[in-house]
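We call the chains A, B and C, going by the order they appear; numbering starts again at 1 in every chain.
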Amino acid sequence: MSDRTIDRVAAATPPPVARKIRGLSDRAIAWIFVAPTIFLLLAINIFPLIWTIRLSFTNYRANRLTREPEFIGLRNYERILTDSDIWLNMQATAHFLFWTIFFQVLIGFTLAWLINKKFKGNDLWTTIIVLPMMLSPAVVGNFWKFLYQPQIGLFNYIVSFFTGKDPSSFEMLGQVNLAPWSIVIVDTWMWTPFVMLICLAGLRSIPDYIYEAAEIDRASKLRQFFTITIPMVLPFLMLAVLFRGIENFKMFDLVVQLTGGGPGSVTELTSINLKREAFEKWRTGYASAYAIILFVTVFGLASIYVKALNKVKER
Amino acid sequence: MSYSKLAAASAIAIAATGVASTAQAEDLTLCWAAWDPANALVELSKEFEAQSGHTMNFEFVPWPNFADRMLNELNSGGKLCDLLIGDSQWIGGGAENGHYVKLNDFFDAEGISMDDFAPATVYAYSTWPKGTPNYYALPAMGDANGWFYRKDWFARDDIKAAYKEATGQDLREPQSQKEMLQIAQFFQGREIDGKTVYGAAIFTERGSEGITMGVTSALYPWGFKYENTPGSYDMAGAVNSPEAVEALEFYKEFYETATPPGYTNSYMGESLDAFKSGQVAMAMNWFAFFPGLYADPATGGDKIDFFVNPPQNIAASTLGGQGISVVSYSDKQDAALEYIKWFAQPDVQAKWWELGGYSAHNSVLQDPGFVDSQPFAGDFLEAMDGVQDFWQEPAYAELLLAMQKRIHDYVVADQGTAQEALDKLIEDWTEVFEDEGKL
Amino acid sequence: MSSFSITEPSNRTKWFAGTLVILYAVITMIPLVWIAITGFKSPADAIAYPPKYIVGSESEAGFQPTLEGYVNLFTTRTRQTQDFLDANPPETWADEIVRQYDMVIVGPSKFGERFMNSVIIGFGSTFLSVFLGTLAAYAFSRFKIPLADDLLFFILSTRMMPPIAVAIPIFLMYRQLNLSDTHLGMILLYTAVNISLAVWLLKSFIDGIPTEYEEAALIDGYTRFQAFYKVVLPQAATGIASTAIFCLIFSWNEYAFAVLLTTANAQTAPPFIPTIIGIGGLDWPAIAAGVTLFLLPVMVFTILLRKHLLRGITFGAVRK
């Protein structure tokens, strides 16, 4: 597969450009330039992926070197898809995905809209707001755990300062009803700037003359907002949602540091569950099937979404 | 017959090369958990360095990550550790997957006898299959889950009177699990010296093994058994017996009514914090921490005392502790064996206890002065008499993770009933043993 | 109310928008500032309630700043007997600090090592991915490559795998190749992950460089390779630099692979920082100190990058 692709790459490079050349031909250069990247991806992405697919039909365990793995067909897939606990993990993931995207779009868009009012110093403040999203999620999770400590944590203190609630009366990370929100809050804190930046680019891409024309037509500000601003920003917003969706579907490091999946299993997102299966229980074959299911889900959802996105763009 | 002779001969040859290689100084790495006894071992090992010329390096991993990282290291065939003080439950996997070097021939050649060590520790830390004379580790650190309490509070007249009034009984070291709960509930939310205090700190951690180690400290005294007949993997009626259900409900009640707020995911460190900061009247933790607790300037000395996990239907404690093994992927096995040989000597073992390690050597434990050597020494002997351990199967991690989930879901996340939790646990475990081909 | 342009917001609107944005920025910074402050507290002050937020010990909310957290971060210490302490007076200011707990410094901690691993693996993989990425991006940008879009999408799709899923076969592969817990293994892995970003981002930068320059150079007798090297590269320098910083930030921040595939030799700082423990329990000031030191470089980079941030986070899909 790879060789053929490369050959086609080389073959298709137009020879005319290579006219006055003393050195390598363009074909050769294209070949040489692309090959290492493709090779690396084949070795560290595609080959392992194929290996994972193969493993997913076996009962292989990476910690039992002495035991011959057996081919067990679709048994792993069957087990995963009928496991009610895994569906609970999926639900937790869906809850996390939905609410993080909801809040990030809401706050991110509002912020972008405000920044686009071009007040003095907006560049400086934008840079400051952007900082959290560049940080290491695991480290962020770790120090938010400190902020969430019952009794001593700053978060509880601030909440109690404004609401008068006793700071030791609630535990963001330990209570079944609060823990799913605790991870939504941190993710929103961290990634709202991402959505904001993309929305800002969208807002800035709208040429002034469109608003000017609307103004001449005496369209109200509200009407302008819904007929010009929103539709023009929508493709950008959808792109932001795509990125956040993929990233949060894979979410591992932040949540593992914050709650470790607890209390019970209420914040056990699929990635955390997958890690337990693969690297704590060492059910390699089973975990491989699980990984393939997750990959197909992301890939499928993303492909459908990209199609929708392209439609919106075309309009 | 001739085969075993050959093996013995080759063992002697190995031992001989071991001696010969003494001239060559090696850099040995010992892996263990990062906790108080590990620091004591560093101190102890200086003597070995001086005698052998080898250099000792240490890789200590905090408990919450210890199993994860070390099992990952073993499973990836890593050469990081030459010596590993691995948790008791790893012995099955360590032996069957070839991570640990089998020590029988070495013991024979060096005249190290397992009869010199306390039987409970040899059984738990060294043998696989369980109870057979196949040794994969030398008992290094005896341990069990015990309790400690604020002796100064228990001795105060106002508190004693209040307890008497509230319960009609005298305040004392609890003699049963239920009495312990009653005392903890008495302290819960009480004002002492202007500060609100709570009953007891118990294990509720979800990520590694915490809540299992905590809940088994209630399950075992109620008479919980893993199997109806040992070795049969026949769990229905044992794991979910009425006693087990009652014990699990007890642990949940304890968690809900007698522990400080926010202890939803607490293990050793949190238990120590709670006690040292004066938040709780009692706390559970491993004996390994007791020397450090006794030495603590704020809550140690005459403010603290210790007791064995109280009995209920029977007397039993949850086993901790580890044996020391040689990792089969190490290139320096000879020098590593030399360390074990040195460590097994009675005088080294005596010093080990003195520095704060829990020796399992009979010469130490049966010494007439032992019981009085520390305030918790007698309790330790008593606890080790009744220890029970979790599954030590090669599939222990899967069994443990299932239990962590089921128990935490029930006790902390408040889902379902105790009966359901244990029924589901049997399902999970049955699945594991079926996969293993044992059922 | 009317201003010089109808689309220019009024001053009142600007003032209102500015206030809200600044308010958000201040709120968003509180956690970071709090961590930075905690690094300079003693363990007792770090967990005090109500929280202490003023420097100075007079008021109830005040704390005495100390470098204890940083000392604990970089050293290992043991408790010693009174006799030993009396016989060996403290030599440095760091000694003085740990003496208050009857402890002495016995050596460096593992933090320095882990931090160096982060640097080595971060720079190593950044160099490789930018090097390979520039070549591939140039080829995709300038030559007609069949199925180019598919290939590019294939390169991107590798980012959709959850890291844990990738780690399963990598773990097995590295075990076979003896690459577990090695710098080389981690550099190769991070390069493979970063290369999709590098290719996409650099392609967007190189696409923006007019082809006329190269064509002129070719006519002047440059070879294609010379034209790439002497004409395109200098013009793409900014793009390459920003791509490099993005790659560096990714490797710097990565946690999942590091925690699953390394145990000691090649372990980076992110899996290590949360495990810093003190005397019984987590040593929050030391963790906060580690977090501060670890996050600082990324913050500086972010400020340097601010013009290209958007392009970077969207894989070149959105350009300002």
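The rule is short, and it goes like this: a residue touches a chain if its C-beta (ideal position, glycine included) is under 8 Å from a C-beta of that chain, and two chains touch if they have at least 3 such contacts.
Since the structure is predicted, the reported quantities are computational estimates derived from the model, not experimental observations.
What are the chains that chain A and chain B both touch?
C
Considering B-C alongside A-C, which chain pair is linked by more C-beta pairs in contact?
A-C
Measure off the straight-line distance from the CA centroid of chain B to the CA centroid of chain C, and report it in whole Å.
Chain centres of chain B and chain C, defined by C-alpha means, are spaced 38 Å apart.
I'd like to verify one number: the distance from the centre of chain A to the centre of chain C, where each centre is the average of its C-alpha atoms, in whole angstrom.
Computed value for the inter-centroid distance: 18 Å.
Which chain A residues sit where two or more other chains touch them?
Those would be 62, 149, 151, 279.
Which residues of chain C are in contact with two or more other chains?
Residues 171, 175, 260 of chain C touch two or more partner chains.
Do you know which chain B residues sit against two or more other chains?
72, 75
Mind listing the chain A positions that touch chain B in their complex?
59, 62-66, 85, 149-151, 168-169, 171, 173-176, 260-266, 276, 279-283
Once bound in the complex, which stretches of chain A touch chain C?
It is residues 5, 8-9, 11-14, 17-18, 20-26, 29-30, 32-34, 36-38, 40-41, 43-45, 47-49, 51-52, 55, 62, 107, 111, 114-115, 117-123, 125-139, 142-144, 146-147, 149, 151-152, 154, 157, 167, 189, 193-194, 197-198, 200-201, 204, 208, 211-212, 215, 236, 239, 243, 246, 249-250, 252-253, 257, 270-271, 274-275, 278-279, 284, 287-288, 291-292, 294-295, 298-299, 302 of chain A that touch chain C.
For the complex, give me every residue of chain B touching chain A.
68, 71-72, 74-75, 93, 96-98, 206-207, 261-265, 394, 397-398, 401, 405, 408-410, 412-415, 435
Flag every residue of chain C that touches chain A in the complex, lowest number first.
5-9, 13-15, 17-18, 20-22, 24-25, 28-32, 34-35, 38, 47-51, 132-133, 135-136, 138-140, 143-147, 151, 154-155, 157-173, 175, 188-189, 191-192, 195, 199, 218-219, 221, 223-226, 228, 249, 252-256, 259-260, 270-271, 273-274, 284, 287-288, 291, 294-295, 298-299, 301-303, 306, 309-310, 313-314, 317-320
List the residues on chain B that touch chain C in their complex, please.
34, 39, 42-43, 59, 61-62, 64-65, 69-70, 72-73, 75-78, 80, 269-270, 272-273, 276, 289, 292, 295
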